[in-house]
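What follows is chain A paired twice: with chain B in the first complex and chain C in the second.
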Partner chain A sequence: MPLLTVHCYAALREAAGARVELELPAGSTAGELKRAVAEQLPDHAALVERSAVAVNRRLVGPTETVGPEDEIALLPPVSGG
Partner chain B sequence: MPVIRSEVIEGPLDPALWWLQVQDPSCGATVLMTGQVRDHHQGNRVVRLEYEAYRSMAEEVMEEVLTETARRWPEVRVAAGHALGSMEVGEVSVVAAASAAHRSEAFGACRHIIDGLKERLPVWKKEFGPDGERWQEEVPLRPAEERRDEESG
Partner chain C sequence: MDRYSRQTVLPGVGAEGQARLGSGCAAIVGLGALGSAAADLLVRAGVGHIILIDRDVLELHNLQRQSLYTEQDVADRLPKAEAARRHLSAIDPHARLTVHIADLDAGTALDLLEGADVVVDGTDNYETRYLLNDAAVSTGRPWTYGGVLGSEGTMMAIHPGQTPCLRCLFPDPPPAGSVVTCETMGVWAPTARVIASLEAGAALQFLLGEEPAPGLVHLDTRSGRLVRLESGGPDPDCPACGQGRYDHLEAGASGMAVRPCGGGSVHVSPPGGRMVTGEGGLDLEALARRLSSQVGEVKQNPYLLQFDAEGVRMTVFADGRALMQGTEDRARARSLYARFVGT
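And then the complex of A and B:
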């Protein structure tokens, strides 16, 4: 199965490290990616759940497909300003 | 029309520079919004904040917010900046500036910029103080399509 790298930020980075790697079947969606990360980090599943997925620096909905060639990031609720 | 400056940089920021850069002989009104580190948050005392960004995306999003603002208020000159790293109480972490012939466009544009940055910029702050340290979580990020649906709905 393809290996995907997910970049993590803020509270998620402290919890899981700057990068999480996981294997996902080809054609998997952003929603499936979030579920897989949550399973890999059971202590932080709620934080993963309220985080958004960015693919190539653009926010995507749960049905968007993700692949090993994409720049994938998991972004907790923001607090800029 | 003119997006004068858009930057995500190591902080803190000097707001006077941003004010100066949006000046133009055609502009009689400038609105400058600054955000600075506050000494409290939700009942906790705060002595400093640490800002972290998904920097490449934050730079793109800031440019996008400014470009949208300039499209909606074509006669307004706009600029914005966000600081990263460790900052103490009173230091300026965010700046939005808008300059126009008249004040109402400048107020509208400045408000639009700062609201866009607060809602969309992938930036986070962690607070430190005698009551401990914690990440602040304020706004869940949403894809552009979802935000547009809500605005039109």
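And then the complex of A and C:
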């Protein structure tokens, strides 16, 4: 299966490190990617599920397709101030 | 010499734009690292009316990152909104400044934001931000979302109906306890200043009638990373701006609300928005007299009183709210409030 690299931002970076690598079937969607990352990081699943996905610097919905050639980021909402 | 000559000469501002700023009204919710810096920029830019909303009293650890405030303000135990008003009115005595030493909750949000043409997010928690999103989107008000954590920061200008709102991108806030907070992660002050500047810039653009750049900015000033993530339009499936369901606003404020507010403390709100209606505020003098026989020394100024009892430091504001430092136990906080402040 293709290997994807996901860049983590903010609270997710603190929790899981700067990047997460995972294998995902070709043609998987952003929603499936989030579920797979949540399974890989069970302690931080709630945060992953509530994060936005950006593909090639564009915020995308759950049905967008993601692949190994894409720059993928997961961003939780940032809440301090 | 014209006070705004370096601003009016900018393309798209001019005398007409300056007049728009002068007749505009911005509400700033939360006057911490983000809100205080944004307030400084907006008053200097000549925004005619600024509504200052904050529920807290100044503490020494605020000074590392929060603009405007001084050690004397901390020594005087000033509420942030009042301290901000004093410094902003020294910067521009002609600015109209409305102070609300109050908690923006589901019961008070719409009243507190009344009259604002734009709202700046200076809050420090998810709960108030989601409420702010509901309040702004339901009334069609543009607002700027900004947040910081450590040396990372995020900002997005939100124009309801034209751009995604907070819930389009993040339909639900992370559950309590699932996220590191500013207490443990800290705040790199330069990041907060950059985010506050981006928010203030977007607010000025909204007041000028311009559309700020769409999308979400995420940056880390300590590592030099900065990205702008493009966003499409509003999400038709968004519970707030797509479906018109304002869950956080409609949650209502009934009964006494006790909420954790970080650093081993809780915030207690009596039912209703007393300060907003101007009715039913506490008689701080009478309360101080009663408490002094109960707990010993009570420190007091026109906005609040502060005392220690049973290992908890209680700060009671004139609108009836109390900040309790030294307990995270909600039931205990309710009990302390009932015994020392009254219900």
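Brief remarks on what is shown
Keep this in mind: the second predicted complex is superposed on the first by the 77 of 81 C-alpha atoms of A that agree within 3 Å, B and C clash if a C-alpha of one lies under 4 Å from a C-alpha of the other, contacts with A are read in each partner's own complex, and residues count from 1 in each chain.
Simple rule for what comes next: contacts are C-beta pairs under 8 Å (C-beta built on N, C-alpha and C of every residue); 3 or more make two chains touch, one makes a residue touch a chain.
Fair warning: this is a prediction, and the values are worked out from it, not measured in the lab.
In the superposition on chain A, contact of A:Ala46 is made with chain C only, not with chain B.
In the superposed model, A:Ala11 makes contact with both chain B and chain C. Once the two complexes are laid over each other on the shared chain, residue contacts for A:Gly81 go to chain B and to chain C alike.
The residues of chain A shared by its contacts with chain B and with chain C are 9-11, 13-14, 50, 52, 54, 57-59, 61, 73, 75-81.
Interface of chain B with chain A (complex): residues 35, 51-54, 56-58, 60, 82, 93-94, 114, 117-118, 120-126, 135-146. Across the complex, chain C is touched by residues 9-11, 13-15, 44, 46-47, 50-52, 54, 57-59, 61, 73, 75-81 of chain A. Chain A meets chain B in the complex at residues 7, 9-11, 13-14, 50, 52, 54, 57-61, 73, 75-81. On chain C, the positions that touch chain A within their shared complex are 30, 32-35, 121-126, 129, 146-150, 152-154, 164, 166, 169-175, 178-182, 185, 187, 192, 215-216, 218, 227-232, 235.
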